[in-house]
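Let me begin by handing over the structure; questions about it come next.
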Amino acid sequence: MGNTIGVLFKLTTFGESHGKAIGGIIEGCPPHIVWDESFILSRMERRRAGFTLGSTPRQEEDIPEFLSGIYQGKTTGAPIAFVITNRDQRPSDYSQAFDKIRPGHAAYAWEQRYGIFDPRGGGRASARETAARVAAGAVAELFLRQFNIEIGAYVSHLGPIAMAKNEWFADEKIYQSPVRCPDPEIEKDMIDHLSNLEKEGETAGGIVHCIIRNCPAGLGDPIFDKLQASLAHAMLSIPAAKGFQYGEGFRSINMLGSVYNDIPNLKNGKIDFATNHAGGIAGGISNGQDIYFDVAFRPVSSVRKPQPTITRSGEPTMWLPTGRHDVTVVPRAVPIVASMAALVIADHLLRWQSIKPH
Amino acid sequence: MGNTIGVLFKLTTFGESHGKAIGGIIEGCPPHIVWDESFILSRMERRRAGFTLGSTPRQEEDIPEFLSGIYQGKTTGAPIAFVITNRDQRPSDYSQAFDKIRPGHAAYAWEQRYGIFDPRGGGRASARETAARVAAGAVAELFLRQFNIEIGAYVSHLGPIAMAKNEWFADEKIYQSPVRCPDPEIEKDMIDHLSNLEKEGETAGGIVHCIIRNCPAGLGDPIFDKLQASLAHAMLSIPAAKGFQYGEGFRSINMLGSVYNDIPNLKNGKIDFATNHAGGIAGGISNGQDIYFDVAFRPVSSVRKPQPTITRSGEPTMWLPTGRHDVTVVPRAVPIVASMAALVIADHLLRWQSIKPH
Amino acid sequence: MGNTIGVLFKLTTFGESHGKAIGGIIEGCPPHIVWDESFILSRMERRRAGFTLGSTPRQEEDIPEFLSGIYQGKTTGAPIAFVITNRDQRPSDYSQAFDKIRPGHAAYAWEQRYGIFDPRGGGRASARETAARVAAGAVAELFLRQFNIEIGAYVSHLGPIAMAKNEWFADEKIYQSPVRCPDPEIEKDMIDHLSNLEKEGETAGGIVHCIIRNCPAGLGDPIFDKLQASLAHAMLSIPAAKGFQYGEGFRSINMLGSVYNDIPNLKNGKIDFATNHAGGIAGGISNGQDIYFDVAFRPVSSVRKPQPTITRSGEPTMWLPTGRHDVTVVPRAVPIVASMAALVIADHLLRWQSIKPH
Amino acid sequence: MGNTIGVLFKLTTFGESHGKAIGGIIEGCPPHIVWDESFILSRMERRRAGFTLGSTPRQEEDIPEFLSGIYQGKTTGAPIAFVITNRDQRPSDYSQAFDKIRPGHAAYAWEQRYGIFDPRGGGRASARETAARVAAGAVAELFLRQFNIEIGAYVSHLGPIAMAKNEWFADEKIYQSPVRCPDPEIEKDMIDHLSNLEKEGETAGGIVHCIIRNCPAGLGDPIFDKLQASLAHAMLSIPAAKGFQYGEGFRSINMLGSVYNDIPNLKNGKIDFATNHAGGIAGGISNGQDIYFDVAFRPVSSVRKPQPTITRSGEPTMWLPTGRHDVTVVPRAVPIVASMAALVIADHLLRWQSIKPH
């Protein structure tokens, strides 16, 4: 269990960062979706090309090979399998990991669960697994296009540097920024901040803001699979994610009820709302307004400084910095957040279709 | 779908606030768990007796009748069904709802999904459904007792009034406070704040903080069912919940990587950590430290003030306050948060057992 | 697990034959289905009133009380819960069961699994649980009516007495027969056969034949949830079922390929087939022809004769016949088979709807 | 949906016979299982090398490449993905299929469901998909070895030629026979029968008998996932399977209750039974005796004779025999039946472990 997400539109992933390949099987994708492999590759490129100040990035090209489920340029309704070969398996320096606990790293907890110690680090828990999410999310987007549903995500906070307010931005604006921040002034501050952290050997966290436009009212499966519950589940499954909020989220605790309530009005003859504090979801069901949410990411654990730790036998020692060092992963999380959102919305669309009268 | 949570330890709920009864079926509860109905009733009482300043609370006693799965004082491994009769079905004043959209209310979105308009409000989406969660959570706790796992939850923020720091509190300390805040000074401020809001006809949100103690290392099902993903899913399924964070959560975005990392050390011959910024989970798996998280709740929508809205045919009108008015639901959410946590941990314990060598 | 069947149209049951009640929760039933409680009760009556030669039948009336999911005479899309109170809890004579293994009975295997020994017999494994299936199957039928889908089932074999050929019969013809055999001559032979067995204290098995008419082409979820796989799963979950075959089934092994193949032709301008050896399913998907299948039931274990056995400590002894004795349960299985078929078809209809373009 | 089988030990397959590859992801396989790739390849060889009188068999070697989930010669608990490349993609003669309905073939029903017509035949519905089942079944067997559980399957009926009685046979005896029949005399008759059919251009069905030895008492998940229900589900998902029976199955309908009941006795100080008419399962739970069952397979549809049919526009025409022609697929179904049984037992072992006290 745990390697599948979704009930009707499902993704099951496999693969370790140091194995032969990673990949997945997408199930439940309806037939007759026009296949657009260049679109999928453009999504993969967004993930690969994230900001990598002060480090030599892993240069995997991450090209998924699709093995099934497509015929004459369309999906067939059969499962769509894909494999992404691990080309960049250069030997990292794992010597320390044989006898030291690595601070901030998951290897210890995994060993508790599976009874297996893999000094190469990463493994299944590696961020590399997220490439499969982006490939599958792109397929979900091909499906969502039919409904004109759009998903935008960007970095709204990087460490203490924050955008003043959230709104919809075109993808071009977001992805022309190396830190995936569509506000040019804030972007500059973020880059300066990262440069300083880089010099100090430090790392930073941040927030990815995501907006889903044109989502029809009616999605969400009360009680336990409220739309926000499915979104929270998906977002907290991303490595390094520490928090999720939708609509006003944690800010809403300081709002008065009369202020928080979104007042209904009429717009072009249709019911609309004066504000959108709720975040496009009421009672667990989309209400036709924009759905928006935030995902918080902690700073990466690999700092370029020695850190105290203990050996596997309990002796005090130091963990020494190793080669690769990303100042932040938040920009690279942007397309992952969008991909997970696409998977959740696609799944709930199918769920809804199952009970809609035809 | 959507009415079940859990994969192995499962709860399926049913019932509307204005129907005959609510209830549920608990599946997967292992046999031989000592049945303790007074314990369960005490948990139900905690939910019922939450703070209700300025309102006449619904006086349901919420006594679940257990119909199956228990024999000679122990669980049998068969499903445990329970029914909670809706005794308090006094006719509320729903006349407005027939032709006005109620601000901040879920009825509109539900109508979009199901094509059904129920002017009595609440219905399946009502907070009343959470009584079934507390009953089931108490059964989960009976199971968790065997592992000495304890769950504590309390109100750490009520509107702008906040406790300075989070730590473990005994249940007695929490539940002797009508606002479920174990810090007597902060409690007093919270009550004052609520009194003021009550006078103004306003409502407040807040945060429930939850700590899980003695959870063994090894729980969590990567990749998509990381322990935090399951917790986030469960928490965001609670009515009025708007956000979830675990460990440092949103605060972590401002922390340096070297500060955030929890440094391993040795304590009584066992691996421990100097801090617990991670919140007891690494790579999606519990690491043996305390698991802690926050759930944000928005202010309730039923303010005691007229609010602008439109009729169902689009004419501007006012929504007038009706009888019942809770200044806040956050204190009543405390046992619900704890119950959902118990259900998640019980489910992950069974998942783990399924792959553990015997 | 194991107490739920279906993926989208789902039934979860609970209850033991000697507990307070049995019942279930139906999930996924679409909204706007016209509720017809008298129809449901008529289905319950069919199960209750099965042939009971030579025995005093348990006189439960088995009236399900529906607790949720219905509003103003229609389903709402919310879960439909129902409870059937166990009225007839008269104390049977279980004294033997305390120290003897009962031949042909499930108590031994259940004790191996759950570590619980319940001398009252039956319990969760009792045929009483099937009342919940019939109640839920009737709800599924309310849904299937919209598609004009009809399900007929009858006893085609009772011990060695067999109908010569299978075809569609009106329900009235089936249910006016106490042995649920619509062929009056065969029915007479069956009753004679049962009378003879009754005198000898013996029991008989048989076959229920089931036909599903007007099922649209396109149902079934390859690869593992082929329509026949779901039907087989459902049928083999019925107590005392020992075999399932669809179309020519086991008979097909003696047919030549050229004879077995159903030859396509044109009928009223639509594609039809000259024969229906396949049983209305090809490649796991319904093809628009009648779906038909057989379910074999073994003789009941409770014969009215002493039978050799051992005590729980291993001493040879005799199991003595107790009060209740049904010569056969096959007639009572008829509505259960039909109910399970209805649940399977309803589930596959929803599954199909989820991927159909709207 | 439909491409996954199992709840805890799960297999999801993908791939079409004319695509790039087929394969699957095995989830839930516990860690620390010793990996034995030569064992897996030997299982694949059993499927490939099945009897192919009178036809040039597809000469795929079917070597699965395992991509993940294995480290240092053991499973890790992570998903095990594998890919089997389709090497033999030689162009078959599909010209007829463009405008004729192929008798006995699934293409028509698939087109009804998915709205896609693929004249190349087979596709996802092809028997080729079963290679993935055998690969995964072999992995399940590696797990079952730890419990000493053995699975044997063989051809007991081929057309009208039948073995007189069923019993356990060593794999060597079964697989040295090209028709997978361990009784040398019957085997000879079967081969003669097939030779005659081959001359006539006909095809034959048959029965695979399967026995599971050393299965511990306690497996099976009442109510709906009784062990026989899971087995029936798995077996009826195999292409061309038409029936399933366990224990005495359809034969039990003619047995008297007193004869059918398996009489308990004591053997080496343990409870045993004088007979095993029940087939090793009581009340849906294994009782420690051998589990045995039969799976009936229809004759293959591809006869070497012209067959009447219609064009896609409804004109009468003839379907002409094409190149490939297997007289029977029953021998090749033997390892598939055994593989599906291994998957079911592995899944139920994990389910049981989840509720067993540790």
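Per-chain numbering from 1; labels A, B, C and D assigned in written order.
The rule is short, and it goes like this: a contact is a pair of C-beta atoms (placed from the backbone, for glycine too) under 8 Å apart; a residue touches a chain by one contact, two chains touch by 3 or more.
As the structure is a computational prediction, the values presented were derived from the model and not from experiment.
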Looking at C-D, A-D or A-B, which pair matches B-C on over half of its contact pairs by residue number? A-D
Count the touching C-beta pairs: is A-D or A-C ahead? A-D
Rounded Å distance, chain C centre to chain D centre (Cα mean): 26
Rounded to the nearest whole Å, what is the centre-to-centre distance of chain A and chain C, using the mean of the C-alpha atoms as each centre? 46
Based only on mean CA positions, could you tell me how far chain A sits from chain D in angstrom? 40
Which chain B residues sit where two or more other chains touch them? 1, 3-4, 8, 13, 28, 31-32, 77, 113, 124, 351
Residues on chain A engaged by chain B in the complex (per definition of touch): 1-5, 7, 13, 101, 103-110, 112-113, 124-125, 129, 157-160, 197, 201-207, 217-226, 228-237, 239, 241-250, 252-258, 260-266, 269, 271, 277-279, 281-288, 294, 296-303, 305, 307-310, 314, 316, 351-352
Chain D touches which residues of chain B in the complex? 8, 28, 30-32, 77, 350-351, 353-358
Residue numbers on chain C that touch chain B, as the complex places them: 1, 3-4, 8, 10, 12-16, 19-25, 27-28, 31-32, 65, 67-69, 71, 74, 76-81, 83, 113-116, 118, 123-124
